[in-house]
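Got a structure for you, written out below as structure tokens; questions coming shortly.
Order of writing sets the labels: A, B, C and D. Residues in every chain begin at 1.
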Amino acid sequence: MKQLRVGLIGYGFMGRTHSNAFRKVNNFFDLDYQPVLKAICARDASKAKAFAAQWGYESVETDWKKLIERDDIDLIDIAAPNNAHAEIAIAAAKAGKMILCEKPLAMNGPQAETMVAAVKKAKVPNMVWYNYRRVPAVTLAKQLIDEGRLGKIFHYRAKFLQDWTINADLPQGGAGLWRLDAKVAGSGVTGDLLAHCIDTAMWLNGNIDTVTAMTETFIKERKHTETGKMTKVTIDDASAFLARFSNGSLATFESTRYARGHKALYTFEINGENGSLAWDLHDLHRLQVFDYKDESKIRGWKSVHVTDGDHPYMKNWWVPGLQIGYEHTFVHQVADFIQGLQSGKMAGPTFKEGLATDYVTDAVLKSAKTKRWEKVKKVR
Amino acid sequence: MKQLRVGLIGYGFMGRTHSNAFRKVNNFFDLDYQPVLKAICARDASKAKAFAAQWGYESVETDWKKLIERDDIDLIDIAAPNNAHAEIAIAAAKAGKMILCEKPLAMNGPQAETMVAAVKKAKVPNMVWYNYRRVPAVTLAKQLIDEGRLGKIFHYRAKFLQDWTINADLPQGGAGLWRLDAKVAGSGVTGDLLAHCIDTAMWLNGNIDTVTAMTETFIKERKHTETGKMTKVTIDDASAFLARFSNGSLATFESTRYARGHKALYTFEINGENGSLAWDLHDLHRLQVFDYKDESKIRGWKSVHVTDGDHPYMKNWWVPGLQIGYEHTFVHQVADFIQGLQSGKMAGPTFKEGLATDYVTDAVLKSAKTKRWEKVKKVR
Amino acid sequence: MKQLRVGLIGYGFMGRTHSNAFRKVNNFFDLDYQPVLKAICARDASKAKAFAAQWGYESVETDWKKLIERDDIDLIDIAAPNNAHAEIAIAAAKAGKMILCEKPLAMNGPQAETMVAAVKKAKVPNMVWYNYRRVPAVTLAKQLIDEGRLGKIFHYRAKFLQDWTINADLPQGGAGLWRLDAKVAGSGVTGDLLAHCIDTAMWLNGNIDTVTAMTETFIKERKHTETGKMTKVTIDDASAFLARFSNGSLATFESTRYARGHKALYTFEINGENGSLAWDLHDLHRLQVFDYKDESKIRGWKSVHVTDGDHPYMKNWWVPGLQIGYEHTFVHQVADFIQGLQSGKMAGPTFKEGLATDYVTDAVLKSAKTKRWEKVKKVR
Amino acid sequence: MKQLRVGLIGYGFMGRTHSNAFRKVNNFFDLDYQPVLKAICARDASKAKAFAAQWGYESVETDWKKLIERDDIDLIDIAAPNNAHAEIAIAAAKAGKMILCEKPLAMNGPQAETMVAAVKKAKVPNMVWYNYRRVPAVTLAKQLIDEGRLGKIFHYRAKFLQDWTINADLPQGGAGLWRLDAKVAGSGVTGDLLAHCIDTAMWLNGNIDTVTAMTETFIKERKHTETGKMTKVTIDDASAFLARFSNGSLATFESTRYARGHKALYTFEINGENGSLAWDLHDLHRLQVFDYKDESKIRGWKSVHVTDGDHPYMKNWWVPGLQIGYEHTFVHQVADFIQGLQSGKMAGPTFKEGLATDYVTDAVLKSAKTKRWEKVKKVR
């Protein structure tokens, strides 16, 4: 068994999901590599130490540049806020490290281009943590579409609805609240939530050509945790757009943190000539399948409980009927990343695919300002 | 167009559902007969008159015996309380009238036998208002089973859950409350709710051989509307039984008026070697279908929205996707009754089938007392 | 009981729903007026006669102008194709008739303006058959919103998805197929399906200010039933738009006849600060309610089975748990129209409200061409 | 951090779920003890070694008696087939080991009594792996019931439906198929599936007093994997019973492996005067809650997505809306076991509670033979 020595940057929510994935993957997947948790890096030494103890990291760093210099590390996992991705990734690439980077890849497309160039030049394996591709039900959707079962596609629709920022007393600033600050996050729900929808959408349905969008900031000012003062909110609270895909299908996309009653309602639906598929993160283990070839009088939406041995990833887990959860998508991603190392055929989403999503979010944000349809830049 | 001249006895909830059915049937079904609302009969003349005005009955009677004597009436529709069914039906049969009788057919099996004998002797068309057979989704279930799609049957389960008698302040006695008095109703939920479950079950899955049951009266005394005094409650509030069908399948049945949160949750499910079906009155326009022959990885329960032109009865109504409701089951029953008259092949459930259900409820009530498995008497 | 003498123009699908409503309303609602089916008018005399026989119309006309001239008619009900609405309605208004008109009110806003002017000048009661307002669950949504329960509204989303025109062999032309011809229908799904969504949306959430839209015609040519030749399809097969309401909320709207698996999936959802509501025509008797004031740990979407006596319209029907269907919305509309006559306070949607919806569809169709945000004209 | 040195017996499905739990618990729960995987014991040395490598066990044993003798082991975890539980557990107790034992506790009540006596005498911490108590939604149900929110309980119903043995070609015998052999398993679905239902039911609703049951073996003979011969099937394929709880509520229970379409449909529902709760393993992260105190017109079943920080166990996992799965129930059980060690107040289900469930399954199996109501023996 070869070692895959990991250095993680960031100990937040994503630091936990990644660490769990590294620790679990070999219990459930037969692989040639075993991730080894070499170091966790964060500015706050005491928090980093606590995290290391909780998750079994062998060492702690407080300067990510030092982490990248270390010879005993093969892979840099970037779970730091969005505005730190590019600098770290480019340095890591120069140091010849493999890179896993949280989504969105960068603050915007041009910045993401520099990251893509860096990993291309350094020829280092790279991946973006768009984890929802690896929900078994979503992967099954991909299989069914790739098998041509839906026929010509007419419609795609996706939304990602949350409600956690409705309270006007919620401050912006440090900790988990950097997501409310455009300087750190790049954008609001567009980069945070819509980016997930877009990554999945393009994976399933190909390129998006043009978009027309609107965004809104419902609560204009919030107290800042550092200054204690009411400060302008710089992110988009809600973002929606119409789109046309290269394959001729039409789409609607929407995301918000003001949809009361929805914690994390990421849904998509795709309608083709011969069938349709629908999925909902709130019941992530199910895929809704409509097959027009079914006999007419018993035709209906099938609720497929994606927990059988012939479903993607599922033979590695428990027995039919017993569901897995959110965290497993990260385990799958690590497993696929390692299998990519083994086969030499890298699993996606690569940085290049991450860039493609950034181009769409750029177009969305631009259209929201110009109030026109905008073309989406294509990745060469 | 021939006339089918109707004399209705009873103006309660069922009097309304039947009247609506008689009035609507010719607008939606092409039939040789047209029901004509000749007379409504009830003891309370003023209420009967009001009902006649509301529904367009041509005349009013206060004595059902007079109604039966009338020459201008072809069909007696019995919507009176259960304890009145037998006497009226037997007299009507003697008078040569066709008879539609509310369910349950009688107070018990032996009484029902006399009714069956009477209609047999008189050779008059007869039917019992077990309306749920004619929910299109239920009729579709019947078709699928009769086509042999489920293969060998292993399990049947049904329940009918309500919650309207939980309040201890609810009195017993007159009006709609006669259902709480065993002298009038025969039994409680066993004859009222379980009887529906049993009729459907035997229609779909054949005869029930043996049962073991339990019943309970949760609230032992209630104020009587006539005397104003606290009086022993004589009916069963809840009733459940295990059963074995003649085809070797096992069953569970349950009904109650103490299942908080359920207004009229009548559900059944049938499991066969090759497939399963499930239905729920609360969404009566859907049938859940599991077809084991579907391809493994997209196998799942199909939610069939039974509103297409190739679904039972539905070509007579609106367009696909637009649901019908509870009242339509009665319209279908009248349509089928008339088509039976036309073809000479009477539609069920006939009195004989109503008797079969009474035999099961008799066995259930007996078993609840003997605490043993009881055999169900078979209709010869 | 006063008579309300009805003359119906058109015997299609809508002719049936209206006729059924006129016939049923007095059985279930206590009203001062009773609709009397005086005449059905259609060019095809034999079909009109058959329809009259089926529904009990006393007479038949083949020229709507003659119908309007008749003294024995109080109310003209327009169920003819869209391009006939204006001329008939204006003539009927001049003749002093009350008017019920199928939706959409007209081919476009300017034409609708002439109709509004006509009924205003003639001071005749008028209404548009946007029937979905009167699904009890939808009416309940209206009550809850009007009671201020949702607080500030952030989002509205609606869609109406069908799949009946996917087959390229489906022709355009006569009978039910006039909906595929823009000269007769005005537009495709925009006027047919989106118009329903828009009427409900403005009723529930106020005016729409601006929109950006896209439309598509997936199948460019279809055989015409009259000529037998392949002819350009002139309608929009799919139509979607983003919108901003006057109250500051954002919206997405979509309709199509190419969403495989959906027969008539009209859904809406509204998200407010304190709660959210969602509804789906495929299970029209349920309203999904999220109430943020519920205790945190048992907070969730409530599936309200809108069949209780304290739900809108439901005390007039059956008993709790027993659902009504599509046709009942038309009965409710007639009942409310008559109550409007009685009270002098006309029930909506009036022609003026129908005009408001036409203004929105005009803006949608315009935006789809200009590819810009378009302002919606306001009804004065 | 104290070590909790684990010796596991058995490497099957349950061996995996337990191992995963031991490995994960400290990453998510702050505890004073850390499970250390000291040894895996199984007769087949090579399989045991492979399992040890997969899961990180430090050593391998092939004789459980040797395992029990080892000084470096604190806790024996029994994941061997049912007929081995008693002997191992009694020996482990004598050796002063803590014991976690797979369910059902024993082959029958009398055997389970000897195990209870052994742990009582040895005063060793003990627990049975009825893991479903620790699905957060189920634990939430327990909280709500214990807070008295449901009021007087009228009904309880549970079922556990599977379909994996319908195929007559499925053999009986070794590996996972020992569940089809009564000598090894004790019984069929009664001990395997109903036992889960019973454990949860008594935890939520108190003691079961009396039962009447039926069982069935649909496929009478199956090929045996060891002999290759058709051999009588000795287990029950299906088992159902009616019950009365000590609190006066009525119950129905059912389990089967012949319910086509259900992989692992464990559901329960409880109806009380003031509310009801329902749960389904196929969507284990949701609890259905009906609260009669909700305002009448917006009363309905709430679908509570049990993923918030104030839901049981959930603050230890991810963020609201992101579901956990089956495996996490075992992590919770280990966490609670350790917290029991810390507090001195042992978490359930203890062996004593496991015995109580065995008493019920004994009564069920007996009643299926005697065809009478049987009293359930009470644990003293």
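Here is the rule we use: a contact is a pair of C-beta atoms (placed from the backbone, for glycine too) under 8 Å apart; a residue touches a chain by one contact, two chains touch by 3 or more.
A quick note: this is a predicted structure, and the numbers were derived from the prediction, not measured.
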| item | value |
| --- | --- |
| Chain pair, A-B or B-D, that carries the greater number of C-beta contacts | B-D |
| Most distant chain from subunit D by Cα centroid | C |
| Centroid distance [mean C-alpha coordinates] between subunit C and subunit B, Å | 36 |
| Between subunit A and subunit B, centroid-to-centroid distance (C-alpha), Å | 55 |
| Subunit B and subunit D, separation of their C-alpha mean positions in angstrom | 41 |
| Residues of subunit A engaged with two or more neighbouring chains | 262, 301, 305, 308 |
| Subunit B-facing residues of subunit A, complex | 140, 144, 289, 291, 294, 296-305, 308, 310-311 |
| Residue ranges of subunit B in contact with subunit C within the complex | 13, 16-17, 19-20, 23-24, 26-27, 54-56, 162, 164, 262-265, 281-286, 305, 307-308, 317-328 |
| Complex contacts: residues of subunit D adjacent to subunit B | 150, 154-155, 157, 159, 161, 163, 166, 212-214, 216, 218, 238, 240-242, 244, 248, 250, 252, 254, 256, 258-262, 271-276, 290, 292, 301, 371-373 |
